[in-house]
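Shared between the two complexes below is chain A, which has chain B as its partner in the first and chain C in the second.
Showing the complex of A and B:
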């Protein structure tokens, strides 16, 4: 197995790190599962399929259901990806292909820096600036004129809503998704672009071919962006309105799992089943997030093998 | 109409200050199979990419001299139109991985709007695949993706794709460099059969290959055309010592 002593040394010195990473994931999963277990024992799977948050000093009268925050988490995250993905695709093409290098390169750094900003900054901007703006300029007109459509049927109040959370999340995740797409675009061997141009393709046709090659990577980046949006806490806690409500209407406030945990964690310690229920939410989040990330990473690996044939 | 497909006069080309071509003068007659030979690093691929202006995508290129393709100065015509008429097949097979075998071959016809009906497109795809002797091998899996093909089949697919563009000049940059002998022979046979339809300019560093296929050859060494002429003449009685050395494999 080993060609030399140094190979062997390298393998055994990195082994604890590999085991450590897997170990942390297993310990985390076990901890969350064991902490959430009392909630599953008490409510069964109803904790995931019903909507309620009724704490009580008498454990027999406590009742919790996470369907609304789970659904809102998915709704807000999917919406944010739907907003950020087309912007990220356009940004990728613009930064790499359309802008001259002396403009594209510095703007790429700016995009990367924006991806590293503390999320609380986006959250504060979303809460104090974007939400009121959306309420007055977008939500109210949409409700007034298109209120018969279920998505716009509820009257906007403070502006803090699933729409505000989705758009703030989209703004925050766009640099991340763009960075992924730029990385993917550069991974495409130049022989394909040369192939397109040598057949007489125009710039537009060549970009279209390159984006076609990138498509599986775009899906993977969306899944990773979705996973990131799903687990985002601060931004959502500051913009989503924090209300235990199951609604399709974009202007309604809601709770996502991370915002529910952030808002209720301290008080949940006072009740027997509230904290285990928050852990049940965290477990659901972990499973969805792991599944999305795993699917995204598998897609990227398969894609890399295909393009490097 | 000019007798020559390509006329190059005193072509100098520098990339980031390094002189790659140093006064190349060359003429290629229409409907011949012209082989540009030369050792690695002599500037063959750069010369080929100059002919259809793919070199424009390389940073820091400075060029002087006259390059006429199909009777027109290449810098007086639309580069995209030029590349539709002068198609290049690279050394490394590059079929588009997200397109099926059929769509890869059909792509240039779709880009250039060569055909009008699905039937015409089917016929063109079949014709191109037959020309490169790939039809029998892929006719039952036209809807599968090229990564399922061998390296040699992928290169023949690229050649078929280039032919489907109905070019007037076909540029081949060492098309058999990375493939097995069986596929090499199939490609060479295809090229011989194309003489009457298209001018082929092929680059190779293998003298044996040039002997097998060329009508006319030239030797490019250190950015200069050392010798050129009808293939048999150059191979049987080279005038320059450098040519002799190259043919003996000593360069």
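Showing the complex of A and C:
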């Protein structure tokens, strides 16, 4: 395997680094698990299936359940993927296929700028500009005319709501999903496009065929985007309204797990079971997020191997 | 199903126009963000001038806006420290993986780094809190930097691997044919060829660390009464300050948050543009 002494040197200097990084990951998982243990011991799995946040000075009377934040986390993240995915597909095709280079390059630059923009800026913009705008232009009309649908049944108050959070999240994660799709699009062998055009397909029909080939990659990109949206703290904490409520209505405020942690961590230190419960939330978050990224990455690698046969 | 040529063409035009329209519509949030930041943050900056960068933050009841000096210093130092920790690790790992892509250690490395990027940054913050902060007894700039380092490591790694992958095969062969081994080729050939892309990766990692909030939430502290208290003491960060002040009920704090947002936006756009200009110079 080794060609020379210096290669061996390289191997032995990289080995501890990789082992160290792996070690940090294991210690991290262990710490989160051990810190959350008291909460699981006290409440059992009820901590994940009930919904309550009632701290008390008397540990016997404390009661917590994370069902609402977990459900809202999933709800908000899925919604944000549903918004960002169509935009990302449009952007991918527009940037690669439709626009000439002198128009595509600036647009690509702008999406890259948006991809790296500090999330706190998105959060502040979402809470002060987007949320009031959505409340007046979207939520109120929807509630007035379509209020009988459960999704729109609640009266929008400040605009800080699950809808505002998921749209801000979608704006922030679209560049990431787009970058993934662009990467995948370039991997498609050109024979498919040539085939489509030689059969007389219009541009749009050819794009549809290309996207059909890319489908596993699109699913993977959605999973990775979902994982990113799920773990996003800053944007959500500033826009979701922060209230312990289990609701299907888009205009209701809610807590997601990260925003619950961000808001309650300081005071949770005062109570015996509050902090372990937050760690239980973190553990759930970690597991879902890792599972989604893992599934996404597996899909990407599997697709890459199949497409290059 | 048969469709006439005209209807297919009409459909084609409509869909292409819709896709271009959606793409350009997507840019409007950025315009709105810049507009709002300049409008609301600009007012604060014009009022205070350069003192906004050098003064201490206000108390809730004070009438003046004060400044963001502790946050600015904290951010600059903590991101630099984080990059200092991640760069050598990411550099060696990226080089190893591109040189021996099929080696089992490389596979492990890929998996571990991917897993790292799947760890939510708030979980990293809680982890550093329950280890470093708990054992030191106080939140500190060092703890904040460590959290930032864990969060930025996957990014730095990805930037470096894509830099190493861009080495043309001909250059690699030329270096080998001169009798160089991998380490010598790295030092004498690759680093020279890749200096701009490596620098870009470094800069982008720095920008990423500079703008990140969640890893700092429970680790950095919230220093307000001094500009800098030491590496092992509480500090502050620009994004953290924006986040905390934006959630507070005081009007005065909101104004500080907007001023800080404009400062952060300017720093981000400047560093991003510099890194793009650097990349443009790379021709392999």
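The criterion applied here is as follows: the second predicted complex is superposed on the first by the 291 of 309 C-alpha atoms of A that agree within 3 Å, B and C clash if a C-alpha of one lies under 4 Å from a C-alpha of the other, contacts with A are read in each partner's own complex, and residues count from 1 in each chain.
Quick note on the criterion: contacts are C-beta pairs under 8 Å (C-beta built on N, C-alpha and C of every residue); 3 or more make two chains touch, one makes a residue touch a chain.
The structure presented is a predicted model; accordingly, all values stated were derived computationally and were not measured.
Asker: Examine A:270 and indicate which partner it touches, taking first as chain B and second as chain C; both and neither are also allowed.
Answerer: Neither partner.
Asker: Quick check for you: in the superposed arrangement, does A:122 touch first (chain B), second (chain C), both or neither?
Answerer: second
Asker: Between chain B (first) and chain C (second), which does A:306 come into contact with in this model arrangement: first, second, both, or neither?
Answerer: Touch partner of A:306: chain B, not chain C.
Asker: With the two complexes superposed on chain A, say which partner A:18 touches: chain B (first), chain C (second), both, or neither.
Answerer: It touches chain C, and chain B stays clear.
Asker: Which partner does A:87 contact after superposing on A: first (chain B), second (chain C), both, neither?
Answerer: second
Asker: More residues of chain A in touch with chain C or with chain B?
Answerer: So, of the two partners, C touches more residues of chain A.
Asker: One more residue to check, A:202. First (chain B), second (chain C), both or neither?
Answerer: both
Asker: Is A:287 touching the first partner chain B, the second partner chain C, both, or neither of them?
Answerer: In the superposition, A:287 contacts neither chain B nor chain C.
Asker: According to the stated criteria, A:105 is in contact with first (chain B), second (chain C), both, or neither; which is it?
Answerer: So A:105 meets neither chain B nor chain C here.
Asker: Could you list which residues of chain A make contact with chain B in one structure and with chain C in the other?
Answerer: Residues 202, 205, which sit in both footprints.
Asker: Along chain A, where are the residues that touch chain B in the complex?
Answerer: Checking each residue of chain A against chain B gives 189, 191-192, 194-202, 205, 209, 212-213, 215-216, 305-307, 309.
Asker: Which positions of chain C touch chain A when the two form their complex?
Answerer: 8-9, 11-12, 15-16, 18-20, 22-24, 26-27, 29-30, 32-33, 36-37, 89, 92-93, 95-96, 99, 103, 105, 108-109, 112-124, 126-127, 130-131, 150, 153, 181-184, 204, 207-208, 210-214, 217-218, 239, 242-243, 246-247, 257-258, 261, 264-265, 268-269, 272, 276
Asker: Which stretch or stretches of chain A touch chain C in the complex?
Answerer: For chain A paired with chain C, touching residues are 1, 3-7, 9-11, 13-15, 17-18, 20-22, 24-25, 27-28, 31-32, 35, 86-87, 90-91, 93-95, 98-99, 107, 109-114, 116-125, 127-130, 171, 174, 202-205, 227, 230-234, 237-238, 258, 261-262, 265, 278-279, 282, 285-286, 289-290, 292-294, 297.
Asker: Chain A touches which residues of chain B in the complex?
Answerer: Residues of chain B touching chain A: 52, 54, 57, 80-81, 83-85, 87-90, 92, 94-99, 107-108, 111-112, 145-147, 154, 158, 161-162, 165, 171.
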